[in-house]
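Chains here go by letter, A, B, C, D, E, F, G and H, matching the order in which they are written, and residues are numbered from 1 within each.
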Amino acid sequence: MGLIVAAARNADAPVLVAQNIAFGVIAAIMVFSAFRVVTTRNVVHAAVYLVMVLSGAAAQFVLLGAEFVAITQLLVYVGAIVVLFLFGIMLTRAPIRGEERATRDSWPLGAFTALVLAGLLGYSLTNGFGGDRLPRYCTTAAPLAGSCLSPSGTRAISDAIFSTYLIPFEVTSLLLLAALIGAIVIARRD
Amino acid sequence: MTAISDRQKLAYVNAQAADGRVNLEFETEEGMTLNMGPQHPATHGTLRIVAKLDGEQVIHCEPVMGYMHRGYEKLLEVRTYPQVNTLVNRIDWLGSFTNEVPFILASEKLMGVEAPPRAQWIRTILFELGRIANISLFLGDTALHMGGMTAAFYAFRDREFVLNQIEAVTGGRFHPNFDRIGGLKDDFPKGWIADTKAVMARLRDFCDEIEDLVVGNEIFQARTRGIGIIPGDIAQSYGLSGANLRASGVDWDLRRDVPVGLAWDQCDWTVWTHPDGDSFSRYWVRLQEVREATKIVDQLCDGLPSGPIMAKVPRIIKVPEGEAWVATENPLGEMGYYVVSKGDLGPFRVKIRTASFNNISVIPWVTRGVYVPDVISILASLYFILGDIDR
Amino acid sequence: MILGLHLAYWQTSVIRSLGVLVAVLLPAGTFVYIFLFKMVSFMQSRLGPMEAGPYGSMQLLAEVGKFIQKEDIVPDNADRRLFKLAPYLVVATVLLVYLVVPFGPKMRFVNFDGGIFYALAVSSISALGVLIAGWASANKYSLMGGLRAAGQLIAYELPMVLAVVGVVIQAGTMNLSGIVAAQANGKMFGFGGLGNPYFITQFVGMVIFLIAVQAELTQTPFDMPIAESELVTGYITEYSGMRFLLFFIAEFAAVGSFAAVAATLFMGGWAVPGIKFDSGVMNVLGPIVLMAKMTLIAGVIFFVRFTYPRFREDQLQKFAWTILIPVALANILVTTVLKVAF
Amino acid sequence: MGLVESGKMPKPLTNLLNISRRYSIWIFQWGLACCAIEMGAALGSPRYDVMRLGVIPLPASPRQADLVCISGTVTDKMVPAIRRLYDQMPDPKYVISMGSCANCGGPYWDSYSVTKGVDQIIPVDVYVPGCPPRPEALLEGIVLLQERIRHEDMAERWKGDPIVVT
Amino acid sequence: MSAFLREYLTVAIFTGVAFGLLAGVLSVGKLIRPVRPQAEKYFNYESGVDAVGTGWVQSPIRYYVFALLFVMFDVEAVFIFPWATQLEIYGWFGAVEMGIFIVLLALGLLYAWRKGVLRWT
Amino acid sequence: MSDAPAPETDERRDRLVEVLRSELGDRVVDSLVKPGDDVWVRVATDAWQETGRVLRDALRCNFFDFLSAIDWLPSPFGKSEDSPLDQRPALSTDIVTGYAGGETRFQVFARVTSLPERVSITVKADVPLEDLAVDTWSAIYSGANWHEREIHEMYGIGFRGHPYLAHIYLPGDFEGHPLRKDFPLLARHVKPWPGIVDVEPMPDEGDDAEAEGDAAAEGAE
Amino acid sequence: MPDIYGKGLLKGLGVTFREMTKTIFPDGMTKRPSPTKGAATVQYPHEKEAPAPRARGVIALKEDNCTVCMLCARSCPDWCIYIEGHEEKAPPRRPGGKPRTVSALDRFDIDYALCMYCGICVEVCPFDALFWSPEYEYSEPRIADLLHDKTRLGEWMETVPDFEPYEAGSEVKVRKVPR
Amino acid sequence: MLLNEFLFLAAALFALGVYGVISRRNGVMVLMSIELILNSVNINLVAFGAMNGNLTGQVFALFIIAVAAAEVGVGLAIVLAIFRNRRSVDLDEVDLMKG
């Protein structure tokens, strides 16, 4: 994959090699899994591949120093949303051998759109952020500073939520409530 | 043993397997069929329950029997009276002695003999011991089906003492073959009565233990109260008997209401009923029954008359022509034999009316609309023994 | 490093990993032997294994040796890959929880800022393994068992999470070492001599947590998913040989891991009152102390398991949603108010 | 593949394996008739407590079982199920036939619906006589089986056709 | 490498070692365990008779509702935890904020309760 | 009423018969009352279902004991304990029916109980050979459902109106009706009877139980 | 619902806890724990429980007493006794008497794989040749070995216990086992 | 590390997600594809957050996870409702929500 190559080429310090390799490996797994998610004929397999994508994402968050988000990703996505998916799958029919026809007839259209999108995105990303580097990891624990990347503590996140983003936070609870009620109403409509 | 070739064997097995598909009839577009048994921990061995489910709710539940059908009624036609006596032990294998009694009584009725009083008392004592051995296992086993493992161990532990007592008299832990037309095979060995009374005291402790461990347990109550309610008239119409009937509020006990000559009327005991008719009341009534039985045994042990244990009967038994029906209140419920004799060495036809067969015939009725776990608790509380169903 | 050797980081990590595995398997084995084999037997007035080794102590080794030899069966109808994957998933979730538990001031494998949060997140993944195991077996009992188990795991995951919140509020940190420190150095009603183990101040939380643990472990009275009198063995019905052993190990290792977490959260972890909190002695003593506390909790778990009958599926769901969760929420509110007020 | 089948297993290791099989016998919870209660007593009664011998009465599913004790009357209707469950047990597996009924029909030897012995459908390792055998008799059968397992040659056992009737 | 990543590396190595060990044991087992294929051995277990129909259960919708409730509360927990660590600093303000949040979600639970989805009948 | 020499009368049981007679008229074919013991009533085949209804509704015999059948043909095989040395008399093939009589080989009979009266009754009905069927009782007594299935399987007697007359005990491919007297028990024919060797005469043909003790004393010398 | 929710639960725990302490400390909490004593277990291969003297474990044959009357074989419901015999002349009982014809036993087999342990044979034997022994340890790996011949049946004779005396009030005579 | 590494990864996931949304028949699979898209967004957010050294990215990622949970909940409920009525989750068959 080009990503790995790119990652390796851009390694500028021995310490970063490990990170870049880790990134590359995880990214490869993620892309492959994501590919299988959208192509496999078996719904349950798709869900398992989705788990791999999601945990891969969690690992990437760790690489980016976002520990709390990574764990949240595990707790909510893998531990809850995928379980929800599996319940949904098992409530509908999930044949153990996969479905006969998993894709629509219009799949070429989808493939085309996806390719175009990928091309566009790729082009604009190389253009826009060509040489931008992420800050290195701080070797000593230091508070948030633009100069180096340090794991952001839960407390800092908490502070951010409860100061700047207080309104979105409260709105989230409303949203959840609405979703809950809505889902119950829809699911239980007899 | 005759060795059959593998091919023959497989052909045979396949032919038999065809029968395993009866439940296909139940399979429809919607819902699913859950098969419990023939090998299934919930079915005391070999009953098979085919339940058609909607989600976890039972739409229809049909017991499939016959996995323990051994052809009793046919076999009894080719056996002599002593041989019949030993074979019928194995119908309700937990309270074996209680199977012999009604048959012997029916034969005695046809022959017009009556056992001496001492024999009647001993019969009653053994009968009640059989009841205790049977129902105490039920008390543990039902808890086991609801996950309470320890109660089952206690039941097995204390039941051993009863079996020891039975074995000391009859020589068999399970299948005593002790009753004879006109009396009994043997008398009590020395010291037996004292031992028995000690065992009865121990069993009363066991009942208290069960009361604390199971009956009083809120989880057990949540699992059984209001579950599987059988009203009294339904119970009668299905011919439910024993504790199942009494738990539905019908005050009917053959020991008290249709005396057959045994010594129950000599002692003081209570017939317990429960108005609810649910699983819990069935369990409760049985628990009380064990307690009453220990009381009966105690009283009878105290007042055992002396005398012979055998009336005068010919050495080779031929029963005169006629038909007779005797039923007794067995641990599982009413068990009766309808004996038709033609004056031969063996009976001409014996209809065995077993309690469990009728008791579980109510299953399709009572399990409609319950949840799968409740099927288990209802089955357990109805209490059946496969030999008693299939014969 | 200890022996003056310089080991590369990955080498020390491997050694440490093996250390964790030992730390997992040892308590799991001990619990199985002490509780499942012996204590339960005594409760039922019998002896448990006696023949394999003195007092049956080699029984577990025999079990492992036997299961290695058992044929490995994957049913024809099953989904082979997922069928094989599921036990790994279940075991992994259990093992990963152990990583964050501190065994002493320096005796810890990793020291996450979000330690307890991580533990909860990882353990919530086991629902996934269970569902997959149930589905991949292509067996009705398995599927029903898997669904029930997953439904139960998630239903009790919540009260567990919420019960922990109370502790986090009191300690002001999610780091497990921090929580231990907070308990050891805390003051109870102004008296600091004994520290402040949270099973006193967070009693409600602890009860909820333990009930939830019982359910997470699918032990009686919450063992409806593997109710053998109904669903045979639930989602593990089709597993044989080593794969079954994995589930078995996972079950008892999970007892250990949850006991460890509970001991850390509510009973002061490896710390004992009276010994200075971060003295070096505790690096040796700590694991032992923690093991003792774990044993106590595991004992309660097995004690309850072999005494009670089981709840029906809907009853236990209802219990979780209508009793445990509201109580846990109330517990959070009360703790909050107390914390802010004082 | 299998080292054992090829007979290349070193002796001490074989011994070790035999010993662990000997002391870890998971017995399938399955009873058929009256004998099942005596089996239940052997398994469940504190007085006999078969767990002492390393026989664990845990599995309700054949997949985890090593030993099945056919305890009771085998009827023709039951035969396919017995065969199926036996097949579903993973190797190495053992069978104890308990009681006269399972041995060869017992009291129902002349019945139209009873199979005359379980050994006609599955190979049996130990026959326990009795009707019913008392729990200790079953324990004796188990000890006998353990003794046989101890000296068993696995290469021998695992070779050849799976369906063997002794 | 930072201490932070190092810890996660431990997790990764640990997972690798554990799986390696498990897989190792499994493959050692392969050497000594028998393989005796036989058609019926691989049939699904169903109490000793042929399996009926597919293994598909149309499981009750309430499982879904439970899962749904769980997801919602899980998300709530995500926000509670950071807040809980900082409660001392937020004081009453934080308590009120979170109080509103919790009460809102508890309303959802209440709604589900009143709707009867927590009951089975 | 048949010739029941009544040393005493039994009002409860007589009343049962009377009510049945008044409800069914001459479709009550025969009856027998053993005072203080039991009562048998035989009804016509076409009144079988009606009888059940009368028993349940008019006589409050709500409790269902059992329903069964009998094959009055003497077994053509004896007990298969054939010894070439013993000269057994030829087996009779005459059909002799039991209490309350009977005209055909097969009879169905059922027993119900009135719990408040504490009295039970056995009713019988002939099953005509040319059409082996009677009406079902399963609508009257729910418990009769399975009993009728059993009888159907064991004797091949049909029950008109039964909801689900399928096999209950035997495997699906079983042939024959085992409880008919002419169904052979093969094992008894295949295996030689171990008693077929000449036998020492009994030491004491006494007909009381004491004989055993005497013999024991003698044998123990 | 019970008065206090949870009372039953605690009581249940109490029952099992009591049992556990009783098992571990059979002599009271102050003494050394000794579960092997406290448990109800009889550790089979090392110690054996004693079955009742009347227990029907295995049938023993006193060959000298058997007169080949075949009564047992004929009344056995399972047809599992196989007897063959022949007649031979024996010296007279009293000196000077006539020589007697006695039946000698060639074969006396009981198939324990088939026997239903009913005891009918023992009961009908008019010459006291069959006895019950409470022995039960004779499992076999081969079913053919369960057919005990007359030597093996004779060996069981040693294990036959004496008949017990009866409980007070009984009028049954106590029999003796011929040794 | 380059910012672009993460951005490329996110782009790939995004494109795959879009493909899935368009081409899958099974309603549940479509929802999973949407998850892919949301995840790609999350990666972007966190990556940019790291780039700029502030927490906004992470906080927003959290909010997005919350929203995703709500979305899946409702989405699956709709799929289930469709399944209930039509015994199928095939989106071809329920096009235009005719049912």
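Just so it is clear, contacts are C-beta pairs under 8 Å (C-beta built on N, C-alpha and C of every residue); 3 or more make two chains touch, one makes a residue touch a chain.
Given the structure is predicted, the values throughout are model-derived calculations rather than measurements.
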**Report entry** Other chains in touch with both chain A and chain H
**Finding:** E
Query raised in the report: Using each chain's Cα centroid, which is most distant from the centroid of chain E?
Result: F
Report summary line: Whole-Å distance, C-alpha centre of chain C to that of chain E, is 14
Query raised in the report: In whole angstrom, how far does the Cα centroid of chain B sit from the Cα centroid of chain F?
Result: 23
Requested in this report: Please compute the C-alpha centroid of chain B, do the same for chain H, then give the distance between them in whole Å.
Outcome: 62
Query raised in the report: If you average the CA atoms of chain C and of chain F, how far apart do the two points sit, in angstrom?
Result: 64
**Report entry** chain E residues counted as touching two or more neighbouring chains
**Finding:** 8, 30, 32-36, 41, 43, 45-49, 51, 55-59, 61, 63-64, 67-72, 74-75, 77-79, 81, 85-86, 94, 112, 120
Query - Shared interface positions of chain F, touching two or more other chains - result: 169-171, 178, 183, 185, 188, 191, 211-212
Report summary line: Listed in rising order, chain G residues that touch 2 or more other chains are 9, 12, 15-16, 19, 39-41, 43, 45, 51, 55, 77, 79, 116-118, 123, 143
Requested in this report: Show which residues of chain B lie in contact with chain G when the two form their complex.
Outcome: 1, 79-80, 82-83, 86-87, 118, 150, 154, 157, 160, 164, 167-173, 175, 177, 185-193, 209, 212-214, 216-221, 304-309
Query raised in the report: Which residues of chain F touch chain D in their complex?
Result: 169-171, 174, 178, 183, 185-188, 191
Requested in this report: In the complex, go through chain D and note every residue touching chain B.
Outcome: 29-34, 36-38, 40-41, 44-47, 60, 62, 72-73, 75-81, 83-85, 104, 107-108, 110-114, 117, 119-121, 131-132, 134, 161, 163, 165
Report summary line: Note: in the complex, chain E contacts chain H through residues 61, 64, 68, 71-72, 74-75, 78-79
Query - Interface residues, chain A side, partner chain H - complex - result: 2-3, 6-7, 10, 16, 19-20, 23, 27, 30-31, 34-35, 37-38, 43, 46-47, 50, 53-54, 57, 60-61, 63-66, 68-69, 72-73, 76-77, 80-81, 84-85, 87-89, 91-93, 99, 101-107, 109-111, 113-115, 117-118, 121-122, 125-126, 129-135, 144-147, 149, 152, 156-157, 160-161, 164-165, 168-169, 172, 175-176, 178-180, 182-184, 186-187, 189
